[in-house]
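Before I ask anything, here is the structure I am working with.
Which chain is which? They are A, B, C and D, in the order written, and residues in each are numbered from 1.
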Amino acid sequence: MSNYASPEEYGLADLLCCAASRQVRDNEIVFAGTGLPMVAIMLAQKTHAPNLKLIFEAGTLDGRPPELPTSVGDARCETGASRSTGLFDTFSIAQRGYVDLGYLGGAEIDQYGNVNTTCIGNYLEPDLRLTGSGGNPDINSFARRTVFIMVHEKRRFVEHVSYITSPGWRVRKWPGGEWVHRRELYGAAFRGGPSAVISTAGVFGFDQEDGHMYLETYHPGKTVDEIRDLCQFDLDVSRVKGETEPPTKEELYFIHDVLDPDEIFIPKVKKA
Amino acid sequence: MSTDKRITLQQAAEIVKNGSSLTFSGFTIWRRPVAVVYELIRQQKRGLHLIEVNGGPQTEFLVGAGCVDIWESCWVGHELYGKYGANLSRKVGKKEILVEDYSHAEMLFRFTAAAMGAPYAVTQTSLGTDIHNPEYDVLGRAGKRDGKRIGKQKYVYTDDPFFDAGPQVLIPAAKVDVAILCVQQVGEEGTVRISGQLYSDTEVARAADITIVVAEEIVPESYLRRDADHNTISSFEVDYIVECPFGAHPTGMFGKYDVDGAFLKDFFTNTRTQEGFDAFAKEWIFGLDHIGYLEKLGWSRMLNLRANTALNYKPRR
Amino acid sequence: MSTDKRITLQQAAEIVKNGSSLTFSGFTIWRRPVAVVYELIRQQKRGLHLIEVNGGPQTEFLVGAGCVDIWESCWVGHELYGKYGANLSRKVGKKEILVEDYSHAEMLFRFTAAAMGAPYAVTQTSLGTDIHNPEYDVLGRAGKRDGKRIGKQKYVYTDDPFFDAGPQVLIPAAKVDVAILCVQQVGEEGTVRISGQLYSDTEVARAADITIVVAEEIVPESYLRRDADHNTISSFEVDYIVECPFGAHPTGMFGKYDVDGAFLKDFFTNTRTQEGFDAFAKEWIFGLDHIGYLEKLGWSRMLNLRANTALNYKPRR
Amino acid sequence: MSNYASPEEYGLADLLCCAASRQVRDNEIVFAGTGLPMVAIMLAQKTHAPNLKLIFEAGTLDGRPPELPTSVGDARCETGASRSTGLFDTFSIAQRGYVDLGYLGGAEIDQYGNVNTTCIGNYLEPDLRLTGSGGNPDINSFARRTVFIMVHEKRRFVEHVSYITSPGWRVRKWPGGEWVHRRELYGAAFRGGPSAVISTAGVFGFDQEDGHMYLETYHPGKTVDEIRDLCQFDLDVSRVKGETEPPTKEELYFIHDVLDPDEIFIPKVKKA
């Protein structure tokens, strides 16, 4: 991980992609969502985690697509996979506990890592209906760790999300709705939870005991105060380690020359 | 044997009655039976209850055209060609449609339960989310939970009496009247061979009371039966078959053609208003049949989507 | 990539510890991992808990050799070569083994639940039979229901809260330490391709904590990955692989060799007494390794079982 | 169904096989067990029910084996099938309600059609442990009709079976164990039950209201009184229709020249 690129050689999407990629450890089983996470995982596969096993929700197990799929249901997912099957298998495998890591996104997040992808406003009369949950809560319930990749805006890092689509570290126990620690609710089914948020401003971790989010690193060019101001909740900045590690030249080569040369998910930095 | 199950696209759409519950093959923007969906719109179906493992363009076509009263699923959009379902979103805001949210795995397990002949499934997903919030039981609030096709409860919260494995959530089987599938090959007696990802096709085919298969080609049963372990759905699970090349367009078909991204992007842009959708439907759905639609799309566009048969997709370079 | 999972037959058997719970691939007299079972007997395993969708010669070998304390299943025999499991029958009569009966579908759904990560399954089979008789909960009577590997209850009787679909019986997931499979092909990274009927192999492989695959041949992963939709079990579900031609003998293997009916008939006849079994084991198991066993069987016998590769079985005429 | 064979041209197994075969109607979905039932169903497929769909429990759907399988797991089951898969599919299909008819056997049967294949004597200390249930109770629970093929001996047609392996028309409601009509216990899951017993002495039906067995036809050479004496329970003989229809020459041809020329399940009559 030496040979870092200089600031003018990479964009924000590159930085996010590399930060996401570094969350994977070798030999892990990873559930990949559509978009930037796909590139991030395939980047890890090309660099530090050659033996990771990639699951695409739509039905491919241990996939190694030579051309970037545009979504998890894409025909490209099948090429080179160990098995091409369907959701019954991918979700059974996930519920069975095979999955180490999942990558997810969201429109809103709270300080406990609860994420909303369902609606803005009152659920029963929403201001804006979004796509819905998809597999977000499932992957997040079943995997040992999940990484959220998000646009960092103050309206997205909120005190309370409009709707908890995907469970964080403190969640609601139904039918009553009391707030409890995830470990308490999940009981024997507890495997972990959100382990990182990679936003357009910084990288965040979670205190697994009280469940709150903290700033781990800030992206080059951002400041801690700026990031704190971009959160509606009181962000813990006591554990900041420094700046987010920039992409290496090798990573940029894989992203732009091998994995996503057509800029489907990651735009190239326009040279002056 | 006179067991030919062949019907036309029009007949396939006629099997779906106003008020039917309906589901589809495929995943988001892949292998959706769009040719039949267009025909459902032409036949002006009303009051449909869509129960989908996940939604996609087919949802947005039917919702935009006013065919759908209830949508039970977890997701709708056009992947990178349109980031959400704008017709659905607009109609939810205006309370013109009932939306019941389950998670993706829950929808899949609901269909699995139905396909297994079980009234419900046992899961541990989405614990602690608002998906399980009893206040958000939309069909319950609307008085639709009759215990016949729609379960009396949205969820039952329970525990594991065997291993103390943590809280269990019981979810009702997805009972549907009709499943419409869009696949590569079907034999004249109904045997289906799907290539590539299977998505949730085997489950929805078995869960539905009537299963209609639209295939790129109808092939001899004897050909499929030479390799019984490569087949995906058995003959007697399929009631009707339709041969319809490019029947999934604008969604993609593994080994045959890619997603028509430009078409979807254009459709999504139009669906931001009802007027936009109506204009789009007027141009691309009403007054056309499937061949007319293909003529309108044109050879150049369709050849450009054609999958390379060695790769099973259209390579970008 | 250094992901070769290859081990020897001896190492495979060593993975099974005294007291382990264990299950197998196959169906009655087909695709049973008998070569490993012989090795388990040579290594004198004790206290095994067999949980099988159905039993067969492998059960009778292990039970006869005194390796098994608990057998949970629904059936044991040798099909037309021996109408019941004489070792098991004798030991049940002498109370030397605990037998817990579930129905065939229940055993299958118990493994399905385990493979899905669910603690139990919901079924409607066998209602009103003595299989559900609470007096006949053998593991409960023996105080074995610890709620860890063995469910706290044999059954829970309940109702359907969603559709009034009739009485539901909840059955605990089949939790097993080790599954040993015997198949036609495995890749060096663990991808399995099974031809012919799959029996309950996908479920048992996923249900077990450790999955060992014994294959007629280890083939290049790249060969199997050329047609991912023809594969049966994914790489990461398999922990260890063994290449062992004729590893299922005397049971059969689709596409490779038929059941050795004469061998099974002879075995069954011998198992009518413990002395008979012991003599049989002395002749055919102890003091031999797999190659020694094949040498003893001889070329003529084995060539005579060889499946025709166009038919996948040995034609009778 | 003219052209009957004369008594010296067929054996008891032939008679049973043909009687069993005639229980199938065309287009039905049939679950086939190992042995004589297999020959019976394949005989129906060759004669009056060409469109029946045959399911082999071990995993083949709509099979048409050209050579007789020796069991449902046999490699021969796969040839010509619509789909070769596994028990998850066959039992799911059965529980889902696709199956019209199943063929089963048993060691003991009572007057309500409860069948035992598990043990003789006290279950907890059996005199003889048999094979166990196999799929007998499953097929019998899920199919609309089931046909039992049995050896007719007085020790097998009993007042109470040692163990109810497979449910008849009056069954026990657990956990209490009260005897109730099957319809009452199964509720919405009720689809039917044992519809016929074909024994080595005659063919029997069931009164679906009170659930008791009655004699329908007696095999050529048997008498009603003889058969009544072969039952420990009081057999209803008030509905006897006459003699069991003998095999036709065509059926015998299919059994011995096409389906089972090697006498795997059906021995040939030795000509004098």
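One rule holds for everything that comes next: a residue touches a chain if its C-beta (ideal position, glycine included) is under 8 Å from a C-beta of that chain, and two chains touch if they have at least 3 such contacts.
Owing to the predicted nature of the structure, the values given are computational and were not obtained by experimental measurement.
J.: Could you tell me which chains are in contact with chain B and with chain C alike?
T.: Correct list: A, D.
J.: Using the touch definition from the top, list the chains contacting both chain B and chain D.
T.: Output, common partners of chain B and chain D: C.
J.: Chain A to chain B: how many Å between their CA centres?
T.: 27
J.: So the centre of each chain is just the mean of its C-alpha atoms; given that, what is the distance between chain A and chain C in Å?
T.: Whole-Å distance between the two chain centres: 41.
J.: Quick one: chain A and chain D, Cα centre-to-centre, how many Å?
T.: Spacing between the chain centres: roughly 57 Å.
J.: At which residue positions does chain A touch at least two other chains?
T.: In chain A, 60, 78-79, 84-85, 94-95, 142 touch at least two other chains.
J.: Which positions in chain C are in touch with at least two other chains?
T.: Each of 109, 116-118, 123-124, 160, 163-165, 196-198, 229 in chain C touches at least two other chains.
J.: Which chain pairs here would you call touching?
T.: Those chain pairs satisfying the definition are A-B, A-C, B-C, B-D, C-D.
J.: Taking the touch rule as given, give the residues of chain A at its contact with chain B in the complex, in rising order.
T.: 34-35, 56-60, 67, 70-79, 84-88, 91, 94-95, 114, 118-119, 123-138, 141-142, 163-167, 171-175, 177, 180, 182, 185-190, 261-262, 264-265
J.: Can you check the complex and tell me which residues of chain B touch chain A?
T.: 26-30, 53-55, 73-77, 79-80, 83-85, 88-89, 92-93, 95, 99, 101, 103-106, 108-109, 112, 123-136, 138, 141, 155, 157, 163-167, 196-203, 252, 254-255, 258-259, 261, 307, 311-313, 315-317
J.: Of all residues in chain C, which touch chain A in the complex?
T.: 1, 3, 114-118, 187, 189-191, 206, 221, 224-225, 228-229, 231-237
J.: Under the touch definition given earlier, write down the residues of chain B that touch chain C in their complex.
T.: Against chain C, chain B makes touches at 109, 113, 116-124, 147-148, 151-153, 156, 160-165, 168, 170, 172-173, 175, 194-196, 198, 229-230.
J.: Which residues of chain A touch chain C once you look at their complex with the stated criterion?
T.: Checking each residue of chain A against chain C gives 29, 50-51, 53, 60-62, 64, 78-85, 89, 92-98, 142.
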